[in-house]
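What follows is a set of notes on a single structure, which appears directly below.
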Amino acid sequence: MNFAGNHILSIQQFERDDVDRIFDVADRMAPYAQRRRITRVLEGAILGSMFFEPSTRTRVSFGSAFNLLGGEVRETTGFESTAIAKGESLFDTARVLSGYSDVIAMRHPMEGSVAEFAAASRVPVINGGDGSNEHPSQALLDLYTIRSEIAARGKSLDQLRIAMVGDLRYGRTVHSLCKLLGLYPGVQIVLVSPQALQMPAEIVEDLRNTGHSVLESEQLEASISNVDIVYSTRIQEERFNTQEEADLYRGRFRLNQNIYTRHCEPNTVIMHPLPRDSRENARELDDDLNDNPNLAIFRQADNGLLVRMALFALILDVVDDVDTHARDVRWYTGGRF
Amino acid sequence: MNFAGNHILSIQQFERDDVDRIFDVADRMAPYAQRRRITRVLEGAILGSMFFEPSTRTRVSFGSAFNLLGGEVRETTGFESTAIAKGESLFDTARVLSGYSDVIAMRHPMEGSVAEFAAASRVPVINGGDGSNEHPSQALLDLYTIRSEIAARGKSLDQLRIAMVGDLRYGRTVHSLCKLLGLYPGVQIVLVSPQALQMPAEIVEDLRNTGHSVLESEQLEASISNVDIVYSTRIQEERFNTQEEADLYRGRFRLNQNIYTRHCEPNTVIMHPLPRDSRENARELDDDLNDNPNLAIFRQADNGLLVRMALFALILDVVDDVDTHARDVRWYTGGRF
Amino acid sequence: MNFAGNHILSIQQFERDDVDRIFDVADRMAPYAQRRRITRVLEGAILGSMFFEPSTRTRVSFGSAFNLLGGEVRETTGFESTAIAKGESLFDTARVLSGYSDVIAMRHPMEGSVAEFAAASRVPVINGGDGSNEHPSQALLDLYTIRSEIAARGKSLDQLRIAMVGDLRYGRTVHSLCKLLGLYPGVQIVLVSPQALQMPAEIVEDLRNTGHSVLESEQLEASISNVDIVYSTRIQEERFNTQEEADLYRGRFRLNQNIYTRHCEPNTVIMHPLPRDSRENARELDDDLNDNPNLAIFRQADNGLLVRMALFALILDVVDDVDTHARDVRWYTGGRF
């Protein structure tokens, strides 16, 4: 696809080449995200950050990514109650607010609303999550993390072996990740979930129809023995009708250091979209894994900066100028990473 | 008036020369607002944006206008409940907060509060709306839009013919616009509203006393046949005692493409302060007007940037330095306007 | 202490030399805070401003201080309800969010939470108030103000004579200030409060054990006759069980111009951590003192900028580069101070 001036609404937009392009650019963002260099390439540009649903980490990650490229951020948080209560259409909101920035990152509770907004916007829009529908930058940062972690272990995305664990029914991130993995050949996926929280059948079908191996299981230990990645997820309890129903599944699959040592291959990477549930009765990833160097969950969150910087640089077509407007960091950053 | 270092609290401050000066400066801001150039003239300056009452578009418009001049924005939204609940006077609040910025844009639900704040402030304050009292930058952007639109049609503000339609009693913008129009000779105004929602009598009197023609009507179609501008407004239902009372008037005057074609002169400009009410039972401006090139409502919103940039540049006395600190835009802006 | 890369969590961290160092750097920030010069030394740096409890003036003061050094600010306000409701630990929150900025200023309602967050953070954290525990930048700006005010009167912190008045039990600022004053020799402190709102005994003991003179009194007039500073405080009514209980003490000690003239030495400095309670039944500092040049309460608030700029410059180790990246202010600042 041509990135310059375009919206990023769904991972369905991407071919494998597009994903590779995004990741190549993300790699080049590392010196800036890690504060070894700063760049002012987007000095004077404005990001309109519109989070009509709260999401601290996604909002701050988008905003910091734009700052790291030298741009400014104008934020709107909370439901845009005033204008909507007065009967304003999403079309009008988009036409007006898109005049105040150069690019927009938007989250909205309603499925499809970001695409509707984008259709009326005069500047490119990145979908930062529209209900249970899409959140493309999260899927990209997950895949980017997998690529980085296994590259450090001498492997590539082709023939990747991955176990996805937990609430695979309601977890938006694993759905999107499965679709992205489908772009790579020979991926082997083990899906570990309670029967009631299985991955939607059409996603499994699509993977199998394109030649990938998919196994479904209700056993954690047996499923994590021969994989490169364990991708754990939280029970999305806010999606259940009752707390009791959610409690049936909370804490069902728990990975800790002991299980990891006994069952996983050395250097198996542990991922999680965060937040992880650290309460006594949940702990899908135990705190005793925090010292395990294969726990990649915080590097995964850091990678969000790289991927979002890459999306901004591609959409605004400044990839080749980033380094031109760079210089060394002036302040103390000792021990930062 | 002398702009440098002064507050902008009310349109009553302005002579015609002042308005002309603001508009001339606003014209010069277009290359920056339209992202053909960027300027860093206010690099290092801080706008204190204090919206003690929510107003997404006005807040973002002020903030983006300041960013477009190269400055930073520190925002406060929501009611400043803490300090006020602790018994702090507006004087103290102003003395303290005005020490943290170079200029302030402020909205507050209480009439007169912005002027009271400004009296204690150590930096210039722009009134971004104080209850039903004043909102000078909105009145200026309305008049600026009229000037731009009719200039493109070979006319000027002198001898302007305008119909104002809808809730003329509670709509703050039409009151202020009438006062500003009073600065120009020979303006002909048709006021179209239900009897109960007529323009306040003193405003009508003032216009007539200064030699302007004012007609009042309850008929939409007959009133829009010989005008340059139709300025439509929303029923301010939040000002009525009951929903039933507001419903009496909602949807009373509706302009759509069919009525426009049958009754208006070619190229009659359609304006609205926004938000327009697009719900079934309102639609003072129908969505089928969206493709009509004379629908100026989004250009009107865009002009808010120009007028606010002009006010900042005048107050901070950097008008002649804006172009000195300018350069070309580095990022992709194709198809932006 | 070594400032570069370190957290600022408590005034207990500081020796007298450290305080002197902070104040020397704060002095050098004056041209920038007073808008005679701007500096871009922190251009490209990001402050993560996390106010999980509202505090407009402290939040804006930190943000503006960072902007004045040339940096950007990414803000989070309100309780970070989403992630915490989903069971995320403060450790995880800190690890993730600290990846998005170069330094963090944080306020949190829970005592000890900022230190816990800092322990997991990968960048330096400044405590902006954790419940009733610590608020080191406030204590520093209070002491810095005392130093500046009495220096202008030819005195120094050694042998300082100060009266603290009001709610000395619940007022966090007076506790911290007492501890800081303990670093200087021969300080004479008069504590004026109702019996029930006395300074905690251990603080008084510590001061006496290190050779300072501490008197306790319930009489305002007699206590302010021989001091350099009167430091007045508000009754922290939100800490009382009932409004009735708070009302017992509200308005008990009131300083006004008449009392000042009759009882204080000429040029006695009046301070207050703000907000002062200006309601009829409170008025610990009457509005009729506003024209008294010895009323230092707004200079005190302004000094917050200087002290916070100094902390940022020290932590990020750019003190000696501030002037290198400076230039004159381009905009009109007439009559600003």
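Going in written order, the chains are labelled A, B and C, and every chain counts its residues from 1.
To be clear about the criterion, a residue touches a chain if its C-beta (ideal position, glycine included) is under 8 Å from a C-beta of that chain, and two chains touch if they have at least 3 such contacts.
Source: prediction; values computed, not measured.
Counting only chains that touch, the fewest steps needed to get from chain B to chain C is 1. If you lay the C-alpha trace of chain A over that of chain B, the rotation comes to 120 degrees, to the nearest 5. Counting every residue number used by either copy at the chain A-chain C contact, under half are found in both chains. Centre-to-centre spacing of chain A and chain C amounts to 40 Å, using the average Cα coordinate of each chain.
Each of the following residues of chain B touches two or more other chains: 72, 75. On the side of chain B, the complex with chain A involves touching residues 35, 38-40, 54-57, 60-61, 63-64, 67-68, 70, 72-73, 75, 234, 274-279, 282, 287, 290, 298, 301-302, 305, 329-337. Considering their complex, residues 4-5, 41-46, 48, 72, 74-76, 80-83, 86-89, 91-93, 95-97, 99-102, 122-123, 315-318, 321, 325 of chain C touch chain A.
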